[in-house]
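Pasting the structures here.
You will see subunit A twice below: alongside subunit B first, and alongside subunit C after that.
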Partner chain A sequence: MPRGVRKPLVMAVAAALLLSATGCAEDPTAASGAGSGSTIKVGILHSLSGTMAISEVTVRDAELLAIEEINAAGGVLGKKIEPVVEDGASDWPTFAEKAQKLISQDKVATVFGGWTSASRKAMLPVFERNKALLWYPVQYEGLESSPYIFYTGATTNQQIVPGLDYLKEQGKKSIFLVGSDYVFPRTANKIIKAYAAANGMTVLGEEYTPLGHTEYSTVVNKLQQAKPDAVFNTLNGDSNVAFFKQLRSSGITAAAMPTVSVSVAEEEVVGIGPENVAGHLVAWNYYQTTSGARNDTFVKAFKGKYGAAKVTSDPMEAGYNAVYLWAESVKKAGSVEVEAVKKASAGISLETPEGTVTIDGENQHVFKTARIGLVQPDGQIKEVWNSGKPIKPDPYLKGYPWATGLS
Partner chain B sequence: MTGAVATVPDRTAGPGPAPLSRSRRLAGPALFVAVGLLLVAVAPAVLSPFRLDLLGKYLCYAIVAVGIGLAWGRGGMLTLGQGVFFGLGGYAMGMHLKLREAGPGGLPDFMVWSGVESLPALWRPFANPVFALAMVVLLPVTVAVLLGLLVFRQRVRGAYFAVLSQALAAAFVILLVGQQGLTGGTNGLTNFQMFYGLDLYQPGDKRFLYLVVVAVLGTMFLLAWQLSRSRFGQLLVAVRDGEDRVRFLGYEPAVVKTIAFAVSAGMAGIAGALFVPMVGLLSPANLGIVASLELLIGVAIGGRFSLAGAVGGALLVNYAKTIFSEESADNWIYLQGAMFVIVMIWAPRGLAGLAADARAAVRHRRRPPSRSVAAPIPSGTPSANGSAPPGSADPVDPARPVDDARPADQIEPTGVPAVAAQRGEEPA
Partner chain C sequence: MATLNQLVIGASIGAVLLLIALGLTFTFGQMGVINMAHGEFIMAGAYTAYLLQPLVGTQSVLVALPVAFAVAGVLGLILERLAIRHFYGRPLDTLLLTWGISLILQQVARDIFGAPNVQVRAPGWLTGGLDLGGVRLPYNRVFIMVLAVGCVVAIWLYLTRMRHGRRMRAVMQNRQLAAVSGVATERVDQLTFFIGSGLAGVAGVALTLIGPVGPTLGTNYIVDAFLVVVAGGLGQLRGAVIAAFALGILNSFVEFWVDNGASFAKVVVFAVIIAFLQLRPQGMFVVRTRALS
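Up next is the complex of A and B:
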């Protein structure tokens, strides 16, 4: 191209970049306070890009649905809730940065966000330092109880321990542990090994693969040799697709060697392909098929807003509940001020899609009913066992003698 | 191309500055002082603590960028694994801070929840603040020296070196993630409050830390600048452009490259150590392939042949990432990608190349042909480079090295495809 054309173009690009740089450099000191103005700002902080996006986008959708419903019913304290959405980008430091941004720039009343333990650990100091609130909606490995985080997903005694109890009840004597290589599976397996030792189960093996790993023939070989009664699966994300496909093609059936998965929900079953995972077990607190009028309205509203083909899952429901629990606490406190909301939240009980959920004021976790489900060929999950009543959260497993020394 | 090599002894023998006007000679230092004042005096006054923290983080990346500018821009070593050195420095510092927080006999929080019962011997010495500080530099430098001597002696270069350094970053991340009890796994190290007596929860102390980062960046910049205008710097450029010829002249290119690589590694280590208190966490996500590439992209956008360009690029890219993602949480990643593509298409030598072009154009207009020999070739197009006798008449100009893309232009081996192919990189 003639230089006469190129040069101005180059200059224009440079100028545009510079402008965009300086244009955003101003510092909005006049940000609207969370309590003042006609709306209450809340932050929504999930990964909208990167490996975790596929899971976390659904939680964001569920949280936005809850906000919409509360606003349609008149909002809280006479004000509408205004969500400020940020992208955690599947990158833990970004979660910390965006959390700080929501708190100090947007001055949000609270934040709903996170999925991976790593993102929670990255955000925890930010919320504690700023004395701000985070609602974390995913089952996790326990051993944590921050005064500035509410945990609306299951802790270990509401998901993993019931899963093990179920296996024991079914007479499974030997188990094999397969997991992704990060904090949740490693900590979960530590707990599982302690449980097994105290309950006469043997752990025949323990295998970790990196997140995103897709080659499972070695692991499947080891399973074939070890012949455990059951497999406890803490794989996360797309690894499950490869794992279940290779498990099935090697001829291992769910009847001969069932797996219990704690990170495979309706959303993941669609990805894995129901035919590959049908007959295997999962442990959660909520399924799309969970009975109750409250769940029917939730599923209907979700499909109505995002499409009839969408499924609902446990983390989505926990995110949805988090918004309602926060709104209830605010109503009770009569303010969005953090300490007042924390204080008001203790003992708040709400009818949710999974049943009655109550905030435990002691550790800011919630009482949840444990449910073991069987994956059906149509991709839905059928409940085969539940704990009967909501289980009191015990993040440090203090009520379990075999777990002393874990924390 | 003979000219380029022939000038090496020339230059090193007597680095006499080209006859320059006073204003041009002072332009570089003036820019340095102006930017320094902006960072030290203006930024803390106008930015909120949150924004100042972010700027501090960008400046940490800028320190890495200075090192990359030296290794890649001057030395032609396309290092795709700078995150490893960043991580070594960062983990050395992070572990020290964790151990201080845990107190004598205590265990860092992540070890407690990973089921580690006693402090592994590996980390014990890191409780000592002096030892930790030393390790911040020594660890990355040692790894770089060992690696450099090993691969550069084997004449691994170009794309092979790039792939090797990238593989190193990948392996390092797998190691960190796998050793959860030792390193905190995917979570990394989080939750720091104290840093050598500074309370990181206090905005005042945080501001002081920011100033420390600015000072370190300034020092590293001057160090790299001094290094690249020294005899060593000339030799480094010569190795980049004709390694075999330098060897025939009696130098050992492996040593020259190793030194530059080690310096860049040390800078990355220092940056990592400052990143930890500045940002408050360090995880394998900060050091992997993607993070290492992002560091490199900043340098490419700013202009790898110019140290100032490298710094500016690192700041710009990270700032753009923040702003794009705040403005458009759903689509920011496309905006960022578009920015990279646009800059690389229209300004292959980065923004510093653009600035050099602009300056040259202005000068050209102001003062036509009489000084055409000393004036830089006002273009980055290959045809213009190829037709010009490379660098023979215009040695590196010590008065304007800060943002000078000229020597690089002229020594660029675009006219000699064989050398370019050896180096395995694009004649950008």
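Up next is the complex of A and C:
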């Protein structure tokens, strides 16, 4: 054989050997299947269509930004993260179906997704059955702690309870509860009523409207009759727009009857119209105006990627953090294998746009600083109070005597 | 006083129902087309107001009324020409077809305008309200009531006083007879669809004053709109007016009297309509014709 032919052959054999060798080296991390190849696949599962798309699309954007940033910095375990995006379509069975698809077909290392509690409840059995991981980025009603879900949004003692504490501190003696008719507002209001009973507050009324409801003049009339000191608002989605527009046109001012909302962030304020909601209160853990260099870079990067007119909000930030917290846990575990990641995650602490967050190993929630904000006429939210330090997550409110019997 | 207030609220809910149902009395009531995409024409009207905002400033709501009428009307015309006319006389197919189109239009809106709600600023003279001895009349509600009444009067004049309108009624009452009398029924169908869809656009502009402006705006209202048309009697302007206000007032009182009544009021309204249709399957008013269909 002439030399010119033999040489490529030798090189091919060498290359094959080399490839199989690197393959072997990678084996431990490839346990879940997600580690094979040069990328680590992760699932992103939010509603990109339907009624919840309004909120969830922004969280997807924030999560993709975090993945892009981590990849630009070299990825994790020497590999790039490859997002597989699926649409939950605002339909809870679809969430369960797509979660199963991401786990068994795409073999993702973890999934970031969900918004409504209904979608989380639909996905929970899927993740527990498959022993796969879900990172859920939205504040919720608590009373849950699945070993296969990480909760990076606030639980009740990091949002609702501080919101009530603030109202009490302001001398508000009577409240009226307005919410959408599903699991989050109903559970949240149960907690609020228990708090009120223990703290000398009267609950003057409790009104639920179907999701997507847009006619609030009757509810507003009931508010006018009841004359509460404050309104606690757990409406979700589009209904907030109708509620605040109609509240304002009825002549009720924020000064006379402030509302505290737990599902209205910067993104929603744009749709409601800042002038309709200015002066009302919201309870979250993060605002676009939260000070700190880490937040400045986040806001700048987000606007740079998606447009200067975009705003950042609490659930977006929690989704963004989720990706970083997962990446940190993977680095610490040296593997993307679920049990190893879970074990490594306990106590992981990160500098995030909202400040320092730490994963609580006990319940897979995170320590978060509670912040009460006042909506400004320009649509931004100004912090008027914060808890001073990150609050330990207590999903079952075990540390609150008045909450016994709730869970 | 609360009761009186609630009556006013009921009337204003009725005015909203009437506005969103008016267009349907044409396309559904007169032509028998179950157009599930009607809600998306409402949405198109609302987004028209949003798009006009930077061009004409805070008075965009006024300017948007005629423009939205034209935009939604043309959209309806395109839909009729491209798709619906091939399905005349096949109500189930039309329903599925237009439902699919409505999903497509929603997603198109989401891609163009983004998923989050957008804001349409109301002109200054529409914020605030009138206090009549404890009864509060928000200006935007007054505006919607005036707009609804204005639309009804205009349609009534059109149907009874103008040649085109009379032809429309002729085609609706007896298509064959109208055709042999020299009425170009296909042209009339197009015009009917244009007006019906255009009215949805007008309703969309009005809704920007009280509710969210987003891709799912139309779906929030479509069922209510069909209810009004069915209860009022197909193609009956008079029936639609009475049904809209009756349902609005019923809804507002049930919601007020019952604690946590928003869902309950919906149930009651549905139950009343079902019971009513058992007694009068044709709705409140029926056109008596000698047509064999």
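Note that in this section the second predicted complex is superposed on the first by the 375 of 407 C-alpha atoms of A that agree within 3 Å, B and C clash if a C-alpha of one lies under 4 Å from a C-alpha of the other, contacts with A are read in each partner's own complex, and residues count from 1 in each chain.
Assume a residue touches a chain if its C-beta (ideal position, glycine included) is under 8 Å from a C-beta of that chain, and two chains touch if they have at least 3 such contacts.
What you are looking at is a predicted structure, and each value in this text was computed from that prediction instead of being measured.
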Figure out whether A:G273 sits in contact with subunit B (first) or subunit C (second), or with both, or with neither. second
Contact-wise, after the overlay, does A:P210 reach subunit B, subunit C, both or neither (first, second, both, neither)? both
First, second, both or neither for A:R129, with subunit B first and subunit C second: first
Just to be sure I read the superposition right, which of the two partners does A:L406 touch: subunit B = first, subunit C = second, or both, or neither? first
Answer with first, second, both or neither: which of subunit B and subunit C does A:A198 touch in the superposed model? neither
Who does A:V384 touch here: subunit B (first), subunit C (second), both, or neither? neither
Figure out whether A:A118 sits in contact with subunit B (first) or subunit C (second), or with both, or with neither. first
Show me the subunit A residues, by the header's touch rule, that subunit B contacts in one structure and subunit C contacts in the other. 48-49, 181, 208, 210
Give every residue of subunit B touching subunit A within the complex, in rising order. 46-51, 53-54, 57, 112-115, 174, 177-178, 180, 185-188, 190-193, 201, 279-281, 283, 285-286, 316, 319-320, 322-323, 325-327, 329-330, 332-333, 339, 342-343, 346-347, 351, 354, 357-358, 361, 379
Considering only the defined contacts, which subunit A positions touch subunit C in the complex? 48-51, 53-58, 181, 205-210, 212-215, 217-219, 221-222, 224-225, 238-242, 245-246, 248-251, 267-268, 270-273, 275
Which positions of subunit A touch subunit B when the two form their complex? 3, 6-7, 9-11, 13-14, 17, 20-21, 24, 27, 29, 48-49, 85-87, 89, 91-94, 96-98, 100-101, 104-105, 116-118, 121-122, 124-126, 129, 141, 143-144, 181-183, 186-187, 190, 208, 210-211, 406-407
Residues on subunit C engaged by subunit A in the complex (per definition of touch): 2, 5-6, 9, 12-13, 16, 106-107, 110, 114-119, 121, 127-129, 131, 136, 138-141, 209-216, 219-221, 251-252, 255-256, 259-263, 265-266
